[in-house]
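Note sheet for the following structure.
A, B, C, D, E and F are the chain letters, set down in written order, and residue numbers restart from 1 in every chain.
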């Protein structure tokens, strides 16, 4: 269990209740996941992070599935079990199959490898890579 | 400078030279980036990592630009300057513009945020997220 | 269970027993937490880390609760479940309530976010920030 | 230089200009730090992160100096040079002297140490630490 | 359970079966560990990582036990439970006792400590340390 | 430059001077490296960390070169430039050549790879790996 007492749906009132409703509607789910029930112990953080995620994950130049796969990549690198599980579930809903996950894990693993090697050897950045786009 | 003396192109012989040629041809570049000139101080690692990257980054179910953006996400999370620079340059070549990079950074930042919060509160995984796909 | 057989209180002798007694007295607890029973498998490390923590956590210019909250911040960033749990319990004893923990998590999350973004964009340090105090 | 062309103050218009003005006023500084000039390449992220930081760093149950020291702790753990420099400068302005920084670094170092050791031995959480507050 | 359905030994065919056999023979074990049964959901990654590990862990200038202890050090720093458990088991088989593990954890902890402190103070590299070997 | 004004050798008095002398004698060097001149701004931390390192790095069941290579592995994983440089220099003095460093980097890279993949797939620990030694 979390290190705070989560706010159950029956106990949510006011702004927390509105956000719970928005989460269920936006995600088309019938329950409120534990992360939101935990953040509800600090309503301004619940609101800020929920609205932030809604905005960041909305379709844009990157599609939602790509964004969820980037989320898995970050979470695997940081060893966040909750986040890996929730983003993998979300990516599955958006169509990620085992082969796509396999390619994603191959990329994530490869660059965690080269990150540590490039740091370990203190390799200097090639001048060809220095640019502002 | 790196913590080893890099192998310049003029000094590359045998398998190292072949790999240098393959790098330049595969990437359509006229020089050998520092990471490969560094790894050439240990030829079996040069070969293993180069062939691994060639295989992992080949087009598959995920396209090369998506893979480069995942590489940026991992490298930003790990604080690898060399890797961030080189993968950003590669993604630029494949068409990533400032707006796409902006969306990518928004996603990377958001989930580094929620990773630390989910860990910090020790949030339990919802049973709905537990699945093998 | 840990990857070593922990040293139970009944089996502690000599310096290990003295440290166990010091831990229980200093912390006003009636048991020896698992981290110390694990480190007791290597007595010089038990002694060095226990004395180090006693010294570092003593009241100084920063008060003990602030120090425990910094410990939670570090542990959440590193994904150390044991450490998050033990420092949260210690901070609770020193008066941290849900609202303070909420603010702490908001700060921890925010700067894990901006850390990855500042690294990801390779932002240069402003000259105004360079100073020795 | 960053991996994007930063938006100079002379080139800021509309919402970006308003945020630049708000940053200078809120922080009582006469320039716009590089992080904001970088994020301005993606205005929705500039806005979201600036408003988020303003809200998170406002005085609450934790005072602003404590929050800046937590930010240093997180940034040192993540190896974000830009962030360490900017939060150290901010904490200095709020009164942090070398001795306070010394205590902070002692705490940060100690718990990065014990985090890796607790993980490395796979120490089980004591039942006494499991609580929702 | 993993986020994919692992490939059981009875279901392994073709190249996956050959690799399973090679794993059991090379490691002198009668079962296929979960990491390989998971990677088998993406055969090219199974093959690439298994052959890579076989090559990297072969005796060379560093002996196999030293390599397993380095693996524990990396895994403890990254908070990878699976990896800590599997490399500790492997190191035990090669002769690592509690005292050796204690020294290893002491070193791992010490340098996780100094890493965060050196980063946190932004200490400049001494010119005496800059060398290519 | 560091975020504090380092304590030069000419300004060191009392216990700080004694530690500076001990550092130069123990390491057989004629200067005091920046990390110690930085930690001297907080003498109790200078003393605690210096004595800790002296004790941890002393020959034991693991030899000093193995310990320095573990230090490089940890520092490469954490992206600590100062630490990578200083431990690489120390390991070179103890006999590490390019080939040994190459093998070390191969191991460090490989397990940073598998760490992220094992986390990313949420692989369960095999029961065969659970043991207290």
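In this section, a contact is a pair of C-beta atoms (placed from the backbone, for glycine too) under 8 Å apart; a residue touches a chain by one contact, two chains touch by 3 or more.
No experiment lies behind these values; they were computed from the predicted model shown.
Identification of common neighbours of chain A and chain E yields B, C, D, F.
Because chain C and chain F carry the same sequence, their contact can be compared by residue number, and over half of the numbers here are used by both.
Compared on C-beta pairs in contact, A-C and D-E come out with D-E as the pair having more.
Among the remaining chains, the Cα-based centre furthest from that of chain A is the centre of F.
Using the average of C-alpha coordinates as each chain's centre, C ends up farthest from chain B.
Between the two copies, chain E and chain F, the Cα superposition rotates by 180°, quoted to the nearest 5. As a whole-number value, the distance joining the C-alpha centres of chain D and chain F reads 26 Å. Taking each chain's centre as the average of its CA atoms, chain A and chain F sit 33 Å apart.
The mean-CA centres of chain A and chain B are about 20 angstrom from one another, to the nearest whole unit. Counting partner chains per residue, chain F has residues 1-5, 44-45, 48-49, 52, 56, 73-75, 77-81, 84-85, 88, 98-99, 101, 103-106, 108-110, 112-117, 119, 121-122, 130-131, 133 touching two or more of them.
Taken pairwise by the contact criterion, the protein chains are fully connected, each one touching every other. Those residues of chain C that touch chain E in the complex are listed here as 3-5, 41-42, 44-45, 48-49, 74, 78-80. Listing the residues of chain C that touch chain F in their complex gives 1-6, 44, 48, 52, 55-56, 130-133. Chain contact summary for the complex, chain D toward chain C: residues 1-4, 29, 31, 33-35, 38-39, 45, 49, 52-53, 56-57, 60-62, 66-67, 69-71, 73-75, 77-78, 80-83, 85-89, 92, 97-101, 103-104, 106-108, 110-119, 121-126, 128-131, 133. Taken together, the chain E residues at the contact with chain C in this complex read 79, 84-85, 88, 98-99, 101-103, 105-106, 109, 116. By the touch criterion stated above, chain F contacts chain A in their complex at residues 72-73, 75-77, 79, 81, 84-85, 88, 104-105, 108-110, 112-117, 119-122.
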